[in-house]
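Sharing a structure, written as structure tokens. Questions coming.
Here the chain labels run A, B and C in written order, and each chain numbers its own residues starting at 1.
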Amino acid sequence: MAVGTQYLAEQPKLRTSSMVLGAIAIAALLAAPFFFYPVMLMSVLCFALFACAFNLLIGYVGLLSFGHAAFFGGAAYFTAHAAKVWGWEPLSAILLGVAGAAAMGLVIGFVAIRRQGIYFAMITLALSQMFAFICLQVPFTHGEDGIQGVPRGYLLGILDLNQPLAMYYVTLAIFLFGFFAIWRIVHSPFGNILKAIRENEKRAVSLGYRVDRYKLGAFVMSAALAGLAGGTKAIVFQFATLTDVQWQMSGEVILMTLLGGIGTLIGPIVGAGLVIALQNYLAASDFPVLVLIGIIFVICVLLFRRGIVGEILEFTRRKSKSAA
Amino acid sequence: MSTIFGVPAPALYGQILIGLINGSFYAMLSLGLAVIFGLLRVINFAHGAQYMLGAFAAYLILNYAGIGYWPALILAPLIVGAIAVVIERFMLSRLYGIDPLYGLLLTFGLALILEGAFRYWFGAAGQPYAAPSQLTGAVNLGFMFMPIYRGWVVIASLVVCLGTWLLIEKTQLGAYLRAATENATLVQAFGVNVPLLLTLTYGLGAALAAFAGVLAAPIYQVSPLMGSNLIIIVFAVVVVGGMGSILGAIVTGYMLGVLEGLTKVFYPEASSIVIFVIMAIVLLVRPAGLFGQEE
Amino acid sequence: MSSAPLLEVRGLNAWYGESHVLHGVDLDIHEGETVTLLGRNGAGKTTTLRSIMGILRRREGVIRLRGEDLLRLPLHKVAQAGIGYVPEERGIFASLNVSENLMLPPTVSEGGMSVEEIYTLFPNLYERRSSQGTKLSGGEQQMLAIARVLRTGAKIILLDEPTEGLAPVIVQRIGDVLVALKKRGMTILLVEQNFRFAKKVADRFYLMEDGRMVNSFPGHELDARMDELHEVLGV
């Protein structure tokens, strides 16, 4: 059984119901800041986008990147630097982060796609660790302190992002943009070729596809979207630090996706929400977060590899199958 | 004072020695990873945590039972090996036959649990662990002074690597292991208890990591995070060497350790990333690794 | 032959995943007997042997060796009950040299051949004892695969097409070896497509078709049944 199994709403019957659900979800997200802290919500949105970007690679190409923190945290540094030192407008600063992450994705991906499976995971981990060491040494990241006090600024010079609601809706818009971009990619001809590669790489090669180019393309897209999440986070939280580029962060995004459901569209969002909520909850107690994350990993791998959303979809599918 | 390429000779020798010591740890750890991967097809992410656990086992039995360094060299690997046996029996063995990435994720989770728990109990700072009195002091090698303990680490690691290699290449148990790496089902059909062999192999790999941890305790201090940063470098070493070859893992470990030491002399800024850079270059030139075979 | 059979297979069904391959196979082999399984390609001969060994796990029915139920044993216990297996693909290990390959299967009971006896029977193997196992010729690999299970003291050996793709001289040698083994009282279950070879050694034949035993007859009837066999086997 491959890691990337997908349970998309491919059946036409599910499609209308998933559109209804999507509309409800968007309405809920629009109303959410009136019921929850916007900061917490924005944190969930940034990580959910990060996890969706990661899932694009594992869920639809079958490649487990253990180094996605480099793109997330790297973009956060680029955006923070542009906004603070160069005084860029926030959206263009975020776009710079995206471009930087995409460029890093191109370099790291070019090296890493030479191996597959478990090696791919180790290589991406090693290369992102290298990037973390570089971040520790170069001056513009300010070492252990990170880049602090990043101004949120005025979006396109007009909208004051220091207002929490304005910042929230901009973050939501960015998240929705990223989510639908992924949805488009997955359902495009390009996405279909990716799925064909995941299911049977040899066959895809014999059909004449330049498999490596498709993989690299997917890797760069995934990196760019992770960068979108990281850049946005730098503006929202007004800082960028080493935490975001380290391997623990790569581990967290894997956990979010695994917990929610690898290869499901909304699984990573559910996973991100749960992990962030748990971390917030634990922050008040003295139970070590790492231990809890480790335990969730072990439980997921041993007991429900499909993740929460994946198991629910499998359950409903079985039920509809036995009913039919 | 003599210089080599403009670097004072003692500084150069000193860094080569440090490189050789780091290389000793790379070699021991990548050897264990390669043995485990060969048979179980699992990348043991918990290897760094097991190395840390070895160091802590030595530290704890010293402080709570007064058991010193020499017995710890045997006891710590036994304790950690026993824990690993339990992990294999109850967790890893459920993942055989499915995508090997799940083994990586499981052992990653275990590593987080172990590191998190030890950080919770002991804090992130390191605990001192003294070298045994027989190995303190330094000897004059003529061209440099060498701390005796460092010389011992290099020798002990060489002996352990060689011993493991002999075990695998020259004994009946090693023949089972090599054969099962090729075709586990057939070996089991001949009457070899392969599930037990898998368990023992994981235990042996973890015990090797723990042995390295005890050796490291007097040099690097005992800290909960000592393994996690090391393991990522060891992954790079394993990618450079190619996982198929036991000897390859050993040689690559020492080689990269020394290269890293030399980088500290000639271009210190790059010393923390040189192994990763070499990994990238090897991947571009020879993706299967220096000693690996194309799959 | 009124005594209980050494190996007894009753109503054996077996599956590769979802695909049902054996449909109620019955088979008896008595102590000291050599039984040959005939059948065209894909009839299920290899599958029968793999099911008896337990390599194929999804099985139903009865497999008994001296009354001991093999079906319930874990894979490694089957060989330990006294069966030696020579697989169709020979299964020589590349990372082991010839002598290590020979010494690989653990002893399962007293009375196996000593290493000296084996090397006397297979002088080539002795000469090449430190070569890499897979560097041997096909014939030598086949000899090694057979030699390997003679050391273990197995009471019955399962041989899957030992002459496939080999030169006539080698086939002759293997035939001699089997005759020698028979003389020593070894029980043999042989899968073979080569009639003339099988005729030299077989006491009894089973004919298999589509995962079922369709016929069984004593060795001396082979010639008389040639036409019928040619039809079933399509040769």
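To be clear about the criterion, contacts are C-beta pairs under 8 Å (C-beta built on N, C-alpha and C of every residue); 3 or more make two chains touch, one makes a residue touch a chain.
These numbers come from a predicted model, not from an experiment.
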Greatest separation from chain B - chain, by CA centre: C
Chain closest to the assembly centre - both centres taken as Cα means: B
Separation of chain A from chain C, taking each centre as the mean of its C-alpha atoms, in whole Å: 56
Chain centre separation (chain B, chain C; CA means) in Å: 44
Centroid spacing, where centroids are CA-atom means, of chain A and chain B in whole angstrom: 32
Touching residues (chain side chain C, partner chain B) in the complex: 53-55, 74-80, 85, 87, 91, 93-96, 100, 103-106, 108, 148-149, 152
List of chain B residues in touch with chain A within their complex: 43, 91, 94-95, 98-102, 104-106, 108-117, 119-120, 228-229, 232-233, 235-236, 238-239, 269, 272-273, 276-277, 279-280, 283-284, 287
Sites on chain B touched by chain C in the complex: 172, 175-176, 178-179, 181-183, 185-195
In the complex, chain A residues that touch chain B: 1-3, 64, 111-112, 114-115, 117-119, 121-123, 125-127, 129-130, 133-134, 136-137, 247, 251, 254, 258, 288-298, 300-302, 305
